[in-house]
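After this come two complexes, each holding chain A, first together with chain B and then together with chain C.
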Partner chain A sequence: MRLEPIANPGLARRLGFPALALALTVVVASGLALLAGAEPFATIGLIVQGAAGSKFAALETLNRATPLIFTGLAVAVAFRARLWNIGAEAQLYGGAIVTVLLGTGAIGLPQPLLLALMALAAMLAGALILLGPVVLKTRLGVDEVVTTLLINFIMLLAVSYLLEGPLKDPAGMGWPKSAALIAEARLPRIATGLRLHWGFALALLAAGAVWLIETRTSLGYEMRAVGLNPQAARFAGIAVGAVLVKTALMSGGLAALAGFSEVAGLKGHLSLDLSPGFGYTGIIVAMLALLHPLAVVPSALFVAAVFVGSDSMSRAAGVPTYIADMLLALALLFMVLALLLARVRVVRG
Partner chain B sequence: MSAVFDILLQASFWAAAVRIASPLIFATMGELICERAGVLNLGIEGIMVIGAFAGWMATYQGAGLWGGVAVAMAAGMLFGLLHAVLVVPFGLSQHVVGLGITLLATSTSYFAYRLILPEVTSPPRIEPFGTLPLPYLADIPLLGPALFAQTALTYAAFGVAAVVALVLYRTPLGLALRAVGENPAAVAAQGLSVTGLRMGAVIVGSGLMAVGGAFLTLSAFSSFFFEMVNGRGWICIALVVFGAWKPGKAVLGALLFAAFDALQVRLQQTPLGALVPYQVFLMLPYVLSILALIAMSRRAEVPAALMVPFMKGER
Partner chain C sequence: MTRQVGQAQDIVLRLTGITKRFGALLANDGVSLTLRRGEVVALLGENGAGKTTLMNILFGQYLADAGAIEAFGRPLPAGNPRAALAAGIGMVHQHFTLADHLTVLENVVLGTEPLWWPGLGRARARARVEQLGRDFGLVVQPGAKVGTLSVGERQRVEILKALYREARVLILDEPTAVLTPQETEALFQTLKRAVALGLSILFISHKLHEVMAIADRCVVLRHGRVVGEVATAATDPQALARLMVGAEVVAPEVAPARPGPVLLALDAVSTPNRGAVPGLKRVNLALRAGQIVGLAGVSGNGQAALSDLIAGLDHPAAGEMSLRGAVLAAWSPRRAVALGIARIPEDRHASGTIADFTLTENAILEGYAAPPFSRHGWMNWAEAERFARRVIRDYDVRCPGPDQPVRLLSGGNMQKLILGRVLEARGFESGPQIILANQPVRGLDIGAIAYVHGRLLAARASGAAVLLISEDLDEIMALADVIHVMSAGRLSPGFARATMTAPELGLWMAGQGFAAGGAEDAA
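Moving on, here comes the complex of A and B:
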């Protein structure tokens, strides 16, 4: 078989294949529900209901989407420049550690100033964590996929050490968790009585800012050029190494904001279960958004809805909650294939 | 320092090193075959998980230990086929698809585990492969227990590495495989199928990765735990680079790596272990992998067509 590019794919083709990919994912979901002895339509209904069926469910989905917007943006920014940052998980924890270091009473500042300082310091930490692998890539040609992946494991062990040692909450009854943030270091709720914190608004702001940088600045242009063809970009006089370093600083900083927002907005302390893989899930969020920063927001909402809805469905219908990860992985694989088929034709020979 | 020497003189230390190296050798050989044919397989981590799960579950259901190995291999090959179809004929991003395969294989294992054993709090154990001391050879001091008193699956790991080296360097198939990773257009000009060679390499390689995973449940821990693969797949990718894409060097790398791992476990029991937090010891394997990548960066002989999709009629 051979792939033949289509010069001007029609709208039906460009929308039809992605729609087919989502439909296939739903078909597989039904099959998995049947396997688990549940009724397919009821199961999918329960997922939708659990994700958006009540005010509580919808707010839960928004809360879950918040860190995913940050990590999705982090991945989208990096992948667009073909910088394979698979280390958002480590950068997230880096941001969370700094948030706890500054937010548990070490510094006394008015709330807005303290929060701004914490957010900036967290971003710096995340940026520095990604800087190492990127410098190794640009200077020595060390593949960043493996180094960023390995750093995730190192970082989790570092957090484990900190939570059993220097950062351990003396009043924590032996649980490995940090002390609670002081009141001034907490991100307030958007409205009183509403279980949604300002981290969500910050995430939307970040998406807008990334979009502006990518479309309206010369750095954004250079990042795209490097991603499309590094050799051509170098030939055009773009300092590829410097662009990759700037991309890394942005990507690492964005991922770290996920950690800041989860600690200061949602949990109020650091523990080892702060992130159930938000860094890895960010890759799915970014890919489903076609690496477009504004599309990361609906993509993160969709992914969060699948997780929150599956949790709730699992309690009611008894289908294992891991169905969410399976469906998202399949959606990712179907979608990348659909996006290819939207612009090429498969021919014999 | 004397604590280190004491450890190095223990036969049990060397036996542990060879044991720890075994799953890494299977999976590293699997990744090496894929990469020599020009395909990066980031599905390795998840394929090891599905291998660990499928092998254990099949054995638990009565398929026997070798039956478990076969089922694990088949499961790995199935996910390898999926990876191969998406990245070889369709030429999709090997990074994105590989990570997707890892996520899919991992979540499929966990989903199936909960489906089959919904109420279980601690996973059931199976009777694992026992040690199979080779007559006379196992009695050699120090070396005997390390090399010749292992389980059948460990002997198989070294056998597989030898076969991979033999096929790669001594057969026409191996020549074609290596060529397809360096210059696919030349292979196509010879009338051979680039797609077929690459897909075959990915499928067989994935099968080996899954057997590496199955080693964990069938020969090492005798049960299946969530997150038991714990980054071993990523370490194997580093080992392929460290071994400069050569089977012999990769095996040496795996043994060296495993020796350090066995050493750090034993050092935790010494006075040093009381001074240094245990997490630092646990970090060593990952730090070591990164250092290995840095050390080899200048000398690495990357297959020229690694990660470059081949499309007929394009140049």
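Moving on, here comes the complex of A and C:
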């Protein structure tokens, strides 16, 4: 048995296989629900209902999708240039720390100016966190998968130290959390009475901006060239190292915006449970979106819906929430397989 | 009746009606071929004619859709790579399959003796290898590490490997591509001895004069089909070329050169060695306007170092490089492009194009950063596509369209796209003034070769300085006005066109002139 590439796969092939992947995900997930002793169809129904069945559920999904759009974009941008940034989690926390530092009364500015300053400073922090591993990669050939991954743990410990020490909320009853942001440092809600903050709009804007950069600017062209064939890019005169550094700054900045948006838009303070692995889940989001910046939005919505829906289903049906992780893992595996099959044909002999 | 039986015994390999289809492509279409005892048959054909597919079927890598193979009168089971070897058919590949850190003897024995046997029966094996070497004129040291051997010596080890496995049929895939003329002559002596000892040889090539020199019979493949089978004595190279291409082949007319001023000069330039591959050793070189300088040599002798240097990928570690009389300080690929150097890279897949980029994106790979393709960091895709369309039209790039990925193109069309990209570079209305052409026609079919050579000659006529790097001595001798030979990082003096014969250049390629010359080996 061999795989033969198809020169120009048709639209039916390119859409049919991903659709089949989603269908297969549902089928296998039903089997899992059955194993857990629940009614398969009802379980899937409860997940869908929990994710989008009411206004409250839908808004919850959008809120959950917001940081995932940011981290998904961060990963998509980096992976496109074949820069394996596994450290979105650390960059997220970097952004969150800066948000808290600037937003708890240290600076008195009108709300729009303060928020803009906080966002920019957060992006800078995230960018700097990724800068080290990238310079090590371009100068010394150090594998960035290892360095960015390890920095995640360093950052978590650093946050833990800050929350027990310098940033600890004096009025926090001993809980490891920071002081609350001042009112001017909070991202307002998009509409009064609507539980959705401007971070979501910012995420959509970021997706559009990344798409513009990738398709319409010479930097985007360079990033794609470096990702597809660094040797040819270098031969043509593209400064591969400089492009990777620019990519890293963008990627780290995007991931840090997730931290900014979660602290300033949702939580209002920094704590160790700020991110339930948004940085890592961003990798799944980006891969499901095929690294396309606009596709990151629906991909993040899908992943958020699975999480939110599974939470609610778990309460109603008594199936463990781990099913959400399994669902995502299955969706990703089937999708990767589907994307392969959309491009190749299996031949006997 | 008896005569027929005698004939049947005489035939050592018979392929009958081999057909293989890949999707829409008919790679082999009813190919039949016979090889008799003591015979050299040349299998001729352009790239993509189906030679490799046929060999892969013979060696069980592919299953034929139809057809049968018979070796020594017995059918060869299909799809079994070991069957051909067991039947006494040995193949010497173009790219050798030797372990560098093992000795010649170990490489030859590898896979034939059980590994747990103490000493692997080494003394006996050694005696046999030495005997085979004497019988076939294959001089190698059984104890030498393969990594230290020259390309020609490695090829002898490959042939010994096949002979050690008692091959009665030898298949050689483009065996002379990596050899100097002298090494080629030695190989032919070996092959003649082998034939005299009753072996049979299938010689795959596209070098017509070699085929004329060694083969008894030629089988010509075109588009997967046998289009001709002639006795070598009854044909000539022109007729064979006609058969291969299916049309009259016209060699490019080379008008006398009118050399102008020196555009690019290297003065005692050295670069560091890269592992086993030598860097440049105090190289002096001058590229003049209106002149083609040919660089001959066995691959891996520093051509890559010279090419990288001129392409902007590398700096001189010692010595000076000057462009139009001015010594170059800052040097990079982009600077090279900006100063009017058109660079045709050695490997068009790895360095020349980005396979998953469209033709448009590939066409602006060197020019994207400046107007009209981009302004202040914003791309102008309309201009880029207009440029791509112009290259496609003017350079006859056969493609589905400018928005299709380059990986769909054949090698020839990919090379035409690169030619168009570098020769039509913006900012030089009269075209680029220096052309670095590194193996510009490797792997191309005859039509595309003629096209590329025609473009290089046209550039010369309009005043460009061309450096043509090639492993094909015939190509160099046909096109170059001045020929340098490279060996172990050293550059020979320049020889004017037609002042040196191929064997004389071969001596330089083997590194012999340099010691006598004295001037170059100071480093």
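Everything below uses one rule, namely that the second predicted complex is superposed on the first by the 348 of 349 C-alpha atoms of A that agree within 3 Å, B and C clash if a C-alpha of one lies under 4 Å from a C-alpha of the other, contacts with A are read in each partner's own complex, and residues count from 1 in each chain.
Simple rule for what comes next: contacts are C-beta pairs under 8 Å (C-beta built on N, C-alpha and C of every residue); 3 or more make two chains touch, one makes a residue touch a chain.
Since the model is a prediction, treat every value here as computed from it, not as a measurement.
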Chain B versus chain C as contact partner of A:221, first or second or both or neither: second
Chain B versus chain C, judged by how many residues of chain A each one touches: B
Which superposed partner A:233 touches (first chain B, second chain C, both, neither): second
First, second, both or neither for A:92, with chain B first and chain C second: neither
Partner chain in contact with A:338 - chain B first, chain C second, else both or neither: neither
Contacts of A:210 with chain B and chain C, given as first, second, both or neither: neither
Those residues of chain A which chain B touches in one complex and chain C touches in the other: none
Contact set on chain A toward chain B in their complex: 1-3, 32, 35-36, 84, 86, 136, 140-143, 145-147, 149-154, 157-158, 160-161, 164-165, 280, 283-284, 287, 318, 320-323, 325-326, 328-330, 332-333, 336-337, 340
Residue ranges of chain B in contact with chain A within the complex: 42, 82, 86, 89-93, 95-97, 99-101, 103-104, 106-108, 110-111, 114-115, 118, 230-231, 234-235, 237-238, 241, 277, 279-280, 282-283, 286-287, 289-290, 293-294, 297-298, 300, 311-313
Sites on chain C touched by chain A in the complex: 22-23, 63, 79, 311-313, 332-334, 336-337, 343, 345, 350-357, 361, 365-366, 368-369, 374, 377-379, 381, 400, 404, 408
List of chain A residues in touch with chain C within their complex: 4, 7-8, 216-222, 224-225, 228-229, 231-237, 239, 349
